[in-house]
Amino acid sequence: MSRLSSTDTVEAGADADAAKSGAVEAEALLARLSDALGDGLVESHTDQGAVWVRVERDAWADLARFLSDEEGFGFFSFLSAIDWMPSPFGRDMDSFVDNALDPPEPKEPAPTETGVAGGDTRFQLLARVNDVTSGRSIIAKADLPADDLRAPSWVPVYPGADWHEREAWEMFGIDFDGHPGLRHIYLPGEFEGHPLRKDYPLLARRVKPWPGLVDVELMPETDDGGDATEGAAP
Amino acid sequence: MIGVLSELSYWQVTSIRVVAGLVAVLLVAGTLVYAHLFKMVSFMQSRLGPMEAGPYGSLQLMAEIGKFLQKEDIVPRRADRFVFKAAPFVVLTSTFLLLVVLPGGPDAWFISNDLGIYLAMAVSSVSVIGILMAGWGSASKYSLLGGLRATGQLIAYELPLLLAVVGVVIQAETMNLQEIVLAQANGEIFGWGVIGNPFIITQFAGFAIFMIAMQAELTQTPFDMPVAESELVTGYMTEYSGLRFLLFFIGEFATAGVFSAIAAVLFLGGWYVPGLDPADNLFNVIGPLVLFGKVVLLTFLVFWVRFTFPRLREDQLQRLAWKFLVPLALANIVVTGVLKVVV
Amino acid sequence: MGLVPGLVKGLKVTGSTVVRTVFPKRGVRTLVPAPTKGAATVQYPHVKEAPPTRARGVIALHEGNCTACMLCARECPDWCIYIEGHKEKAPPRRAGGKPRQVNILDRFDIDYALCMFCGICVDVCPFEALFWSPEYEFSEPRIADLLHDMSRLSEWMETVPEFEDYESGSVAKKLKVPPT
Amino acid sequence: MTVTERQQLSYIAAQAADARVNLEIETEGMTLNIGPQHPATHGTLRIVAKLDGEQVVAAEPVMGYMHRGYEKLAEVRTYPQVTTLINRIDWLGSFANEVPFILAAERLMEVEAPPRAQWIRTVLFELSRIANITLFLGDMAVQVGAITPVFFAFRDREHVLNQIEAATGGRFHPNFDRIGGLKDDLPAGWVAETRQAMRKIRAFCDEIEELVEGNEIFQARTRGIGVIPPDVGLSYGLTGANIRASGVDWDVRRDSPCGLVHDQVDWKVWTHPDGDSFARFWVRLQETREATKIVDQLLDGIPSGPIMAKVPVIIKVPAGEAYVETENPLGVMGYYVVSKGDLNPFRVKIRSASFSNVSITPWLLRGVYVPDIITILGSLYFILGDIDR
C-alpha cells in the first residue's frame, strides 16, 4: 500500500508500518531471487513497496519462470523496453528553420543516464508482473547489448507476453528467442525503422517550424508579469 | 368485386387489379415502414425518428426512395451478374404472388382458389430462392454465409408454419382463405357465437407457432441471423446498393405486411368484424380497411419483438424449430383433429 | 427465472418506453400525445440545448489584452496558434513620462483543424486575453477555412459567459469576469 | 535471424494445419476477414478468422489501424501537455486515463493533491467509469442483436456526460487533472445534479437488467460462451471486469489504492465464478451500480479546502521512475514514467487495459462459431484507442 504521504498522523503511522512490513517482504523476496538466479541478479532497488530487479539477459527467462512457478506471480502486467540514449533532437523546439528541408546537425549526445536499478547499456528490457492474491508486484529489467539485441522470450511462461514482445520487437528492434511469430503488430509490414528508439525522428515535429519561435519580446516573469509587459491592459 | 368487374372489359379489369395489387403491397409496406420502423421504434428508444420530411416525417420514405434511386447500382466485379441482378425481383415476386389469394371482403379478392392457403404457403417459399440467389451471386463471403443461413432457416420454419395452418384448415374444413374467413364469421365457440369464432381463441397454440415461424420467415429478430448486422454486415444484402437494395428493403416490409394479413385471415377473422352480417355489401368497402387494421396490429407485435430481443444463434434457432415448434404443431394437429371428431 | 419470463419483461420495458415517450404529460392531460417532449432527443437546428457555462466550445480572444507574449503558442501541444506582432512606441501614461514600448498584435490565428480543445492556452494566458466560449457552431465546409483569425476570435468574446459560482466548500479564488 | 524465420514459418505452418483441423470430412477452410470496417468492431479492429463452416479454427486480431504513437509523442511534450494526449486513449472514460499519469508524476515530484481534489478526482473517476460502462451495457446487446438497449445507453449516459462537461468543460476529453490537484473547483449545484444523474443511472441499470440480462435469449447466447479460466486470464494479463468475471477477487481500487479515496467509502468488489460472456456482462452491470453508490457516498463527504497543492508554474519533474496503475473502466491502466528532470517525460510506457484484454482472443476464439466471435469480443469490451494507443 503505497500512498504518497498523508496529513493524518495516525494514518501516516499505519502507513509507515505497512511500508516497513512491505520492505521486509521485499527483502525476503530479493533474497530468494538471488538464491535462485545466482549471478543472474545484477542489481535491485526498492522504493515505497515497489521492487525493481535487474537481471542478466541470460537469466531473463529463468526470472519469469521463477516468479511464475515458485513465487506465484501469475499476472503478467506488461513488457516493454527503454532506450536510454538521450534524444539527439530534444523536443524539436529549438530550430529556427524548417527542419524537414534543412535538417539540423544532431547535437552532441548527452551522457547516458539510466534510472533505478542501474543499467550498463543503451537498451533495457522492462517488464512487470503481479501476484494478485498478495498484492505484490515486481518490475524486472535486463540490459541488452546494442550490437546483439535479443532476449529469451517470456511467451512460454506468460502467453500474454506475445503481443508485448511483438510490440517491443517492432518499436525497438529487439529479437525474442522462442517467440512464436515476431510480426508487425501496429505498423504496416513494410515499415522500416524502430519508432520508439530515441534516434528515430518524430516527423510531425519536423515538418513545420515551431510557432512559438517568433519572438516579440521576452517571456514575462510568471510571478509578477507587470514588469516585462508594460503594454498590457491592467 | 368480380360481380362488379364482370361488366368491364378485360384490360380494364387487369389494370384495376394491377393498381389494387400495387396499392395493397406498396402502400401497406410504406405505412408499416413509417408507423413501425420510423415512429414506433423511435418512441421505443426515446427518440422521435424522422421529423423533417413532411409533417412528422411522414414523407421520409419518399425521400429515402429518392435517395436510393440516385445511388449507383453497383455489381461486384466477380459477381454472377444475372443472378445478382435478378435476386431482388424474385424476392419481391413472391410477395406479390402471396397477395393473390388474400380476400379483402366478401367480393373483394383477386382469385378465390380452393387451394388458397396451400398456394400461399407454396409461393412464400419462392423468396428462399431469391435470397439464395442474392447470397450466392454476390461473390462475398458475408453474403454467402447470410444466404446459406437464410436458406437453412427458412426451410426449417416452413414446416411449423405449415403445420400451424393445418389446425386451422381442419377446423374450417376448407383451404380457401375466403371460406376460412366466413367459417370464423359464422362459427361459434362451443355453442357461443356472439363474436363468431376467430381461430386465435380455439387455435391459440397454432397462432403462437404461426407468429414465431412467421417472425423467422420474415428474418426479423430474434431470428435475423441471415442479415445479422453485427456479424454478417447485412448478410445476403451486403453487396446491394441503390434500387436493388431498395427492393429488398421494400420487400422485407411488404412481406411482413402480407404474412401478417395471412395470419389475420387465418386467426383473426380477416376482413370480418363481429356484429355485422358477413354477407353485407358494406364489407367490400370497410373489409380491406379492417384487414389493414389487423395487419397493423400484428406487424406491431412483429416489430415490438424485433426491436426488443437479441438474436438467437443458428444452432439454437434450428433446435427451436425442430425440437419444439414442430412437435408442438403436430400435437396441436392431433388435438384439433380429435376434438373435431369428438365435438 | 422468476414467474414472469425475461422475454415478457423485456417487452414491458420497451412498451413502457413507448408510452412514456408518447404520453409524457401527467395529470389531466395524460392522454395528450407529446412525443417531442417525451423524447430524450431534441430537434437540433430548431431546438438548441444550452451547453454548460464551462463548456469548451471555442476559444475567444480579447484582443486588447493580448500582448503577443507567445506563451499560448509555446504551450500549445499541437502548435496550432500563430502569432505575429511588432513593437511600437506609445504615448506615455503620465504626462511628461517616457514613451512606452508596446507590443501590437498583427496576427492571431488558431487553426481549429489542429486544435485539440485542451484549454492549455487559456490556462497559461497571464493577461486574461483568451477565454472559453460555449459557442459550438463554427464548422466550415472546407478544412482550410477552420483557420480562424483575430477578428473572428474576437467576435466570440460576446458569447463568453460570466463565471459561475463554485460549489459550497470551495476555497478557490473566483476567476475574474471577462471584459466586454 | 534464421531461427526466427524458421519459427515464423513453423508458426504459419501450424496455422495452416489448424485450418485443416477437420480431417473427418476434409472440408476446405475459408478465411473470413471481419473488419477493419465492420459494424460489430467498434473501432477498426480486424479479425482474420479461418473458418470451417461456421466454426473458427484460428482467429488472429490485426490492429494498428489507429495507432497514434502516444508513447513517442509523449516524449516531446511537457507534462501538462501529455494529459491532453492521453485523454484520447480510452475516449469513453477519458478522465480515468489522466489519473494514473498524474499520480505517477505526483509521486515523482513528491507532492500530494489536497483532500478536496482527491475526492473530486475520485468522483470524476467513477463518473467516467459509469459513462464508459453504460455504453458497454447497451453495446453488448447490439453485439448479440438487440438494437434498443444501446439507445437507452446513449440516452442515460448523456446525464453523466452532462455532469462531466459541467464540471470540466469537456464531454469526452476533460483534461481536468493537474499535477498537484485539479484545474478548477466544481460549479455550484453540481453535487445535487450529479445525485440526480446517479438515480437515473440506477434506473437504467434496472432497465438493462430486465431488457437484456434477464432475457432468456441473451442468456442462451452468452452463457458458457468464451469461458476464461482464472489462471489463463491472469497469464494473459486480463484485468478489470474480465478477470473478476473469472472469479479473481482483485480490484486495484481496493487492493492498492493510491491517490484516490476509494478506501474512504463503503463498497463491494463484484466477482462471478463462471468466467463466460454472461459473467463479464453481469459483473460490469453490478459495477455500474456500485459506482453510482460510490459516487453518492463521495458526494456526501467532499471535504472543503483548496484544490491545488503548491506546485511550480513550470513543471519539471525530478529524475526517477514511477509506475502507477488504477482500476480504469476497461481494466488496469498504468503508466511507467521515466523522468530525467526535464519539462518532458523521458519515456512513458502506457500499460493499457484493452491491449492485454484482447491479446487473449486467439486463444479464446478457437473453436467457437462466427456469431460467438462477436459475442466474445463484445463481452471482452475493448476500446480501439486503448488497444492501439
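Letters A, B, C and D mark the chains as written, and numbering starts fresh at 1 in each.
In this text, a residue touches a chain if its C-beta (ideal position, glycine included) is under 8 Å from a C-beta of that chain, and two chains touch if they have at least 3 such contacts.
Small disclaimer: the values here were computed from a predicted structure and weren't measured.
K.L.:
Looking at every pair of chains, which has the largest contact count?
P.N.:
Looking at every pair of chains, the most contacts join A-D.
K.L.:
Taking CA centroids for every chain, report which one is farthest away from chain B.
P.N.:
A
K.L.:
Whole-Å distance, chain C centre to chain D centre, using C-alpha means?
P.N.:
The mean C-alpha positions of chain C and chain D differ by 28 Å.
K.L.:
So how far apart, in whole Å, are chain A and chain D when each is placed at the average of its C-alpha atoms?
P.N.:
Each chain reduced to its C-alpha mean, chain A and chain D end up 22 Å apart.
K.L.:
Just curious, how far off is chain B from chain A if you go by their C-alpha centres, in Å?
P.N.:
Comparing mean C-alpha positions, chain B is 64 Å from chain A.
K.L.:
Measuring centre to centre with CA averages, how many angstrom lie between chain A and chain C?
P.N.:
That gives a centre separation of 37 Å.
K.L.:
By the touch rule stated above, which residues of chain C touch at least two different other chains?
P.N.:
In chain C, the residues touching two or more other chains are 7, 10, 13-14, 17, 40, 75.
K.L.:
By the touch rule stated above, which residues of chain B touch at least two different other chains?
P.N.:
44-47, 307-309
K.L.:
Hunt down the residues of chain A that sit against at least two other chains at once, touch-wise.
P.N.:
Touching at least two other chains: 222.
K.L.:
Show me, using the given definition of touch, all chain pairs that touch one another.
P.N.:
The list of touching pairs comes to A-C, A-D, B-C, B-D, C-D.
K.L.:
Where on chain C does chain A make contact in their complex?
P.N.:
64-65, 67-71, 73-76, 79-87, 90, 100-103, 126-127, 179
K.L.:
Give the list of chain D residues in touch with chain B in this complex.
P.N.:
Touching chain B: residues 30, 32-33, 38-40, 54, 141-148, 151-152, 155, 211-212, 215, 217-218, 220-221, 369-374 of chain D.
K.L.:
Across the complex, what residues on chain A touch chain D?
P.N.:
Against chain D, chain A makes touches at 1-7, 48, 50, 52, 68, 74-78, 80, 82-83, 86-87, 91-92, 113, 115-116, 126, 128, 132, 135, 139, 157-160, 162-164, 171, 175, 177-188, 195-196, 200, 202, 204-205, 222-223.
K.L.:
Any idea which chain D residues touch chain A in the complex?
P.N.:
3-4, 7-8, 11-12, 63-64, 67, 69, 71-73, 75-77, 106-107, 110-112, 115, 231-232, 234-238, 248, 250, 255-259, 313-314, 319-321, 323, 325, 332, 334, 336, 338, 340, 343-344, 347, 349, 351, 355-356, 359-360, 363, 388
K.L.:
With touch defined as at the start, can you tell me which chain A residues reach chain C in the complex?
P.N.:
Against chain C, chain A makes touches at 93, 208, 210-212, 214-217, 219-220, 222, 225, 229-233.
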